[in-house]
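Structure in C-alpha cells, see below.
We call the chains A, B, C and D, going by the order they appear; numbering starts again at 1 in every chain.
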C-alpha cells in the first residue's frame, strides 16, 4: 500500500493499524497450518442417512466407497442384497441399493466383485449398514473431494449424530479402511 | 459441532490408523484367476492456489477503490460487481467469503488451536484495510453477497430514516449472536444462514433458498437488505470506514447545495446539511444527553440481565444441549419414538448422566455469554440513542462514512460532476 | 417391552433390553422354538473378570476356561473362579487337551500351557497370513483352524504339522473353504469326527483326519433354519446326543440342529431387523458372541463379550 | 404512456429500445416465475413421495420377505414400483438442476432488461420542495423513539421467551439412577453411614413390590414353572414361625419377614441360599407401646406392612404402631411407637426408603401423617398431615418432573417430594377404603379401588410443574387388595374376584380380560416381558405383556398366598400362609 508520508495523527493510526493487520497475517501464515478438508471417519459413522440429505449439494458429495482388500467377495452380500432376499440375482426385489448404484460382477467361483457407481450413489449408507452388520465393513461412506465444495462449516458435520466429521489435512483427504502393507504379500 | 477437531486431527488420524491395522489385517481371498481388484478412486480437491484468490481479491478491491475515488464511475463499479459475482460467487461458490471469515478469526482468538489459513486471514483483513483508506469499497463491488443484491436492486426506494436506523440494530444483534455461538462452541451461524450461497452453488436447503429468494425480491425495492440490516461483517467495516482516508465524496469539488443528490442514495447514506433551527435549545439537549449517559449503565444492566435470563432458550442452539434435552425427555417417557440423534447417542459409550453434565456445562457457558451479549446489545442501543441526540453539524451534502457502500450512484446526480471536464482530486484541498 | 417404566435408560437397558443378546431373547426364542420343537432357557449368567473375553473351552473335568486380554481364567462348573493364569496378548481361541493342558491359539501360533499357566511349548509360527480362530483337540490330533490361509491344520500333540485339511482339491472332491472374515470354527463331535465350518458357504463339512471329505451340508437364508450374512455360522459345538449348537453373527442367533440337520430349536436370537429399518448403528460392531461351548451336563455356554459373561442355556426337559 | 388516439405516433429509437426492454423483462419475468413455481412444486412433490424410502415399496418388500416363496406377482410389482420411484428420483434431480439453470438465466435476462428499461427512462432527481428542516428534526426524534422502543420490545420478547422455553436438562445429581451408587451422609462424622443408591436398590428387592414399590423386577431370569407337589424347581421351603400378610423383602443373601399375633411381634431373617432362619427378634416393649393390641380384621392381621431392607438397615412396622430398625445381624438400632393407629382394619401400609430416609404412610381415621424418618437414628426429617385413611403403600418413582413419592388415600392421590415432603400434585379421583397402591408407567399413574373407579392420570410434559389430568377412567373389574401394575403401554388389574384385565394406557380400553378360579390378593409383578400373578390359593399364572393374552405357565404351591412374591436373579420367593418358598430355575443356581 502506498502511503504518502503525512504527519496527521489519523494517518499515523491508519498506518499503524495496517502494519498490525499485516503482522497478524504474517503470524498466522507462520503458524504453518495447511489446508484442510472435511472428511468422515467410518469408524464413527452410524449410517443415519443424513449424509444423503444434509449436504449442500444435491446429490450429496458423500458417496459410498469400497475397500476391496477388506471385502470378502461373498455371493451372499449384506451390502448388495436385501436382508430377506429370496434370490441372489440383480432383480430389484433383491437389491438393497435404492438407486441401483452397486454392480455385481462374477470373479470366479465363489467370488463376486461389487462396484459402486458414483454417478448414481446418493450416499444414503444403506449398503454400508448391511455390509457392517453381515459382512466385513468394506463398504463405507467418504466425502468425495472432486465434488465437495469445502464449506467453511460442513452442513453434514453440523448434523452428524455421531460427530464422525472432522477436518483433516488436504494431503490425505480420505480416511480409508486399508489393510496394512504387511499382509499385502500373498502366497 | 466441535470446532476444535482440527488440532487433534493429526493425533486422531494416527490413532485411527493404528487401530485399523489390528482390525483389517485379515488377508484377502486367494484368487486363482489372477484377479486384481480395482483401485479406489480418491480424487483430491482441485483447489485454486490461495495466492490466486488473494490476488484477485486485492486487485478487485484496488480496482473498486480506484473506480470510486479516482475514476468516479458507477459503470465501472457495477462491472467489477458483476465480475465479483461471477468469480467469488458462482465460480468460487461463495466460500470462503470475508463475511464468513470473521467467524474463523474470532474462533481463532477463542481457541488457540484453531488454525486460520492465510487465505482466510487475508480475506478478513484486506477489506478492512481498504475500508481504512477508501471506505467500504469491498461492499461496493467485491463482496459476492453484496454483488448479487446490487444486481437485483433495480428500482430502489428510500426507507424512512427512523426505520433504517432501527433495522440497522439487527446487524449488531447478528454480530453478537455470531460471536456468542463461537464462544459457546455452537458453530458458524453466518455460514449456516447465508441466504445467497445456495444460488452460487446451485443447491441449498429449501428454506434457505426461499429466504434467499425473498431477500432478493425485497432487494429489488429495498436495496441490499442483507448488507444493511443483517451483515455482521458490515458492522466492522462501518466502524473502520468512519476513519477512512480517501472516502468517496458525492461531489468532485465544492458542494453547491443544489439538493439534487438528496434522494439518489437508496441506502440512506447521504448526510444532509444540518438545519439551523433547532427544535430544542442547547441546554435541554445537553440535559437529555446527560440523562441518557446516566441511564446507560442501567440500560446495559437490564439488557445483560435479560440476556442471562434468556440463556436457556439460546442454549438450544447447541446440538449437545438439544440432544441432552431430548434424551432426558425420552428417558422420562415423554416420547414414544427416538430420534436419529438419540439412537446414535445410545449406540455410543457415553452415559446419559455424562451427557447431562456436558449439557449443563455448555448451558453455564451460555449463561455468561448471553449476559455479555445482552450487555453488548444494551451498549449498542445506548450508542445509537446517544448518536441520535448529539448533533454534529454538517453544512454540505456528504456521504455518511459508516453507512455509505461506495456504490457511486450519487455521482451522476451532481451537477458539479457533470460540469467539470477533468476531475480534480477533491481531497487535494486539505 | 417395559420401556420407560420408571427410572431411566440404564434400568430400561437392564430390565427390558438386557443388551440385545440376553434374557429378553428368551421370550423370542420361546415363540420360535415352539415351532421348532425344543425350548431353551437361560439358566444363569456367569460374570467374568477377564477383559475382552475372546475364547471359551470346557475341560474334561467339567471346568470352564475363558481366555481374554492377558489372562486365562479357570472356573468350576458352577462358574466360580478357581484360578487365574496370565497369558500374553489376546488369544483368539482355546482348547483343553485330554491331559489337561491348555492350547491357546494366538494370532499365528499356538501356545501350550500347563495347569499353572507356564508356557510348556510354543509351536511354530504359521506366518504373516495366518489367523487362528479355533482349536479342537482329541487324543491323537490337534486341529487348528487358520482363517487367513483358509485351511485346517492337523497337528500332533508335539506341535508338528501332520496334515492340511479343507484346501480345494478337485480330485478328492474337496470344494475349498470360503472364509471371508476371521470367523472359522472346527469341532469334534461325540463320535470323534472332525467338523469344519465353511462360513462362506453357510454350512459344515465333515472330514477324516487325512483330509478326506466325508459329508457336508449348507443352508443359506434369513429364515431360522438357515445361516445368513456373509459368513456364518461363526462358532459350533456338539452336545452329547450329537446335536449341533451353532452361533451366528450379524443376526446374533444361537441354534441347535439335530444330527439329521433339521433345526431342533432356537436357543437365543435377536429379532431380524425389519426391512427398511434405519436405526443408527455404529460401524465395526463386533459380534457379541465370542465363543460357544457345551459343558458336561449338555448345557450350552455362550461367551458374550459386551455382557462380559458366560450365558448358560439349557434345553427344557418337557419340550 | 401515450394515449390510444396517438397510435400513429412515431417512436424515437430510445423509446423503442425502452419498449423492447420492457417486453423482454415481462417475458423473462413471467418465465422466471413459472420456473420457480415449477421448482417449488417439484420439491413439494419429491418431499411427498420420498422416492428412496417409498413406504409403499417398503411394504411390498416386507411382504416379500415374509412370504415363504418368492411370489412372481409380488416380485413384478416391486420391480415396477422400484423402477418408477427411481425414475421419479432421477427425473426430479434432473429437473432441479435444469430448473436451477433456467431460473438463473431467466433472472439474469430479467434484470438486464429491467435495467436497460430503467436506463432509457432515467428518473430525474426530485429534491423536496421545502427545505428539509422540519422533517429533519422529526425524523431524528422518531428514530430515537423507534430505537428505544425496539430495545424495549427486544427485552420484553426475550424475557417472555425465556419464561416459556425453559430448558429441561436434568442437572447433576437430580436423577437418582444417574448418580453414584453410594450416597454418603456425613452429617454426623463419626456415625457417617453410606446408603445404597438406586443402582444397588434395584438389584435387590428392598420393599413391597420391589424397588420403588411399583412392581418392576430388575432381573429377568426368574423361573416360570414350579410345582410344590413334585418339588420341581423348589430350592427350599421354610416354615415361618408367626403369620403375617407382609411380603418378603430381600437384600443380598438375606430375606426378611415379620410376623405377629396380638401379643407377640417378631422379625425374621432368612438365609436365601439355604432357607435357614438366621435370626429371629421378638420386639421388646418400646416407649409408648400399648399394653393391649388394637382390634384388627383377621385378613389384615398384626403384621400386614412389608418391611424395608436398605443398605445395612432393616425396618418393620406393626399394627400397634411399633416401628423398629435392626442392622443385618439383628442388633436393634432404634425403635419407637408412632402411636396406636386409629384404623378399623389394622395398619397395612408398607415401608419405603430412599437415600437416608424411611417413609411411613401413617394414614388413619384421625391424625394421619406421612412421615420421613432418618434411617440411621430414627428421628423425624419431615412429616405432612394426611386427611384421609388408607391401606395402600407409597411408591417412589422418578417421573418426568423429578422423583415423587406417590400415595393413595380415600379421595386423593397425592405426590410429594421425597426429600422435603413438599406436596407436588394431588388429584381427587378415588373413593372408598383404598388398599391398592398406585401403578406407574411411562409418565402415567394409574390408581384403582373396588366399588369406585380406576383412573389413569397423565401430565402435560410441557408444563413447568406437574399438573395431573384424568386421562380416562375404568369402572368394570376393579381391585380390592392387589395393586395394579404398569408395564409399558399397558396397565394390569388383578381383582379379588379372580379377574385380570389389561388396559391400554393410551385409550383406557381393555385389551383383554381373563377370569381365574380364585381371587388375587398378591399384586402382579413384571419380570422382563412376563407378568406373575399369584392367586389366593397359591397358583401362579405367568403371562406375557402385551395386547394379547398369552399364558406361559401355571404353577401351584397348594397353600394360600396373600403376600406379593419377590423376584431376584433366577429366583422367586413366595410367602404362603405358613411357609416361605424359594423357587429357582431347574439345575439350581
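As a convention for this text, contacts are C-beta pairs under 8 Å (C-beta built on N, C-alpha and C of every residue); 3 or more make two chains touch, one makes a residue touch a chain.
Here the structure is a predicted model, which means the values were calculated and not measured.
Centroid distances from chain A, each centroid being the mean of CA atoms, peak for D. The chain pair B-C and the chain pair C-D differ in C-beta contact count, and the higher one is C-D.
Look at where the CA atoms of chain B average out and do the same for chain C: the two points lie 61 Å apart.
Chain centres here are Cα means. That of chain C falls 40 Å from that of chain D. Chain D has its Cα centroid 46 Å from the Cα centroid of chain B. Centroids of chain A and chain B (each the mean of its C-alpha atoms) stand 29 Å apart. Residue positions of chain A with contacts to 2 or more other chains are 43, 46, 48-49, 58, 71-73, 82-84, 136, 161-162, 182-183, 186-187.
Each of the following residues of chain C touches two or more other chains: 3-5, 8, 10, 129, 178, 180-181, 222, 275, 278, 280-282, 284. Annotation for chain B: residues touching 2 or more other chains are 23, 25-27, 29-30, 203, 332-333, 340, 343-344, 347-348, 351-352. Contact topology of the protein chains: fully connected, every pair of chains touching. Those residues of chain D lying in contact with chain A across their complex are 51-53, 61, 64-66, 69-70, 74-75, 78-79, 82-83, 85-86, 89-90, 93, 96. Taken together, the chain B residues at the contact with chain A in this complex read 1-2, 5-6, 9-10, 12-13, 16, 19-21, 23-33, 35, 37-38, 40-47, 50, 93, 95-96, 100-101, 103-104, 108, 115-118, 121-122, 125, 128-129, 132-133, 187-188, 191-192, 197-198, 201, 203-205, 243, 245, 319, 340-341, 343-345, 347-348. Remark: chain D residues 53, 58, 61-62, 65, 175-178, 198-199, 202, 212, 214, 216-218, 220-221, 224, 397-398, 440-443, 486-488, 526, 528-530, 544-545, 552, 569-570, 585-587, 589 touch chain C in the complex.
Against chain B, in their complex, chain D makes its touches with residues 36, 43, 97, 100-101, 104, 111, 114-115, 118, 125-128, 131-133, 136-137, 139-148, 150-151, 154-155, 158-159, 161-162, 165-172, 175, 178-179, 398-400, 441-443, 461.
Within the complex formed with chain C, the residues of chain A that make contact are 42-49, 71-78, 82-85, 110, 126, 128-129, 132-137, 140, 161-162, 182-183, 185-187.
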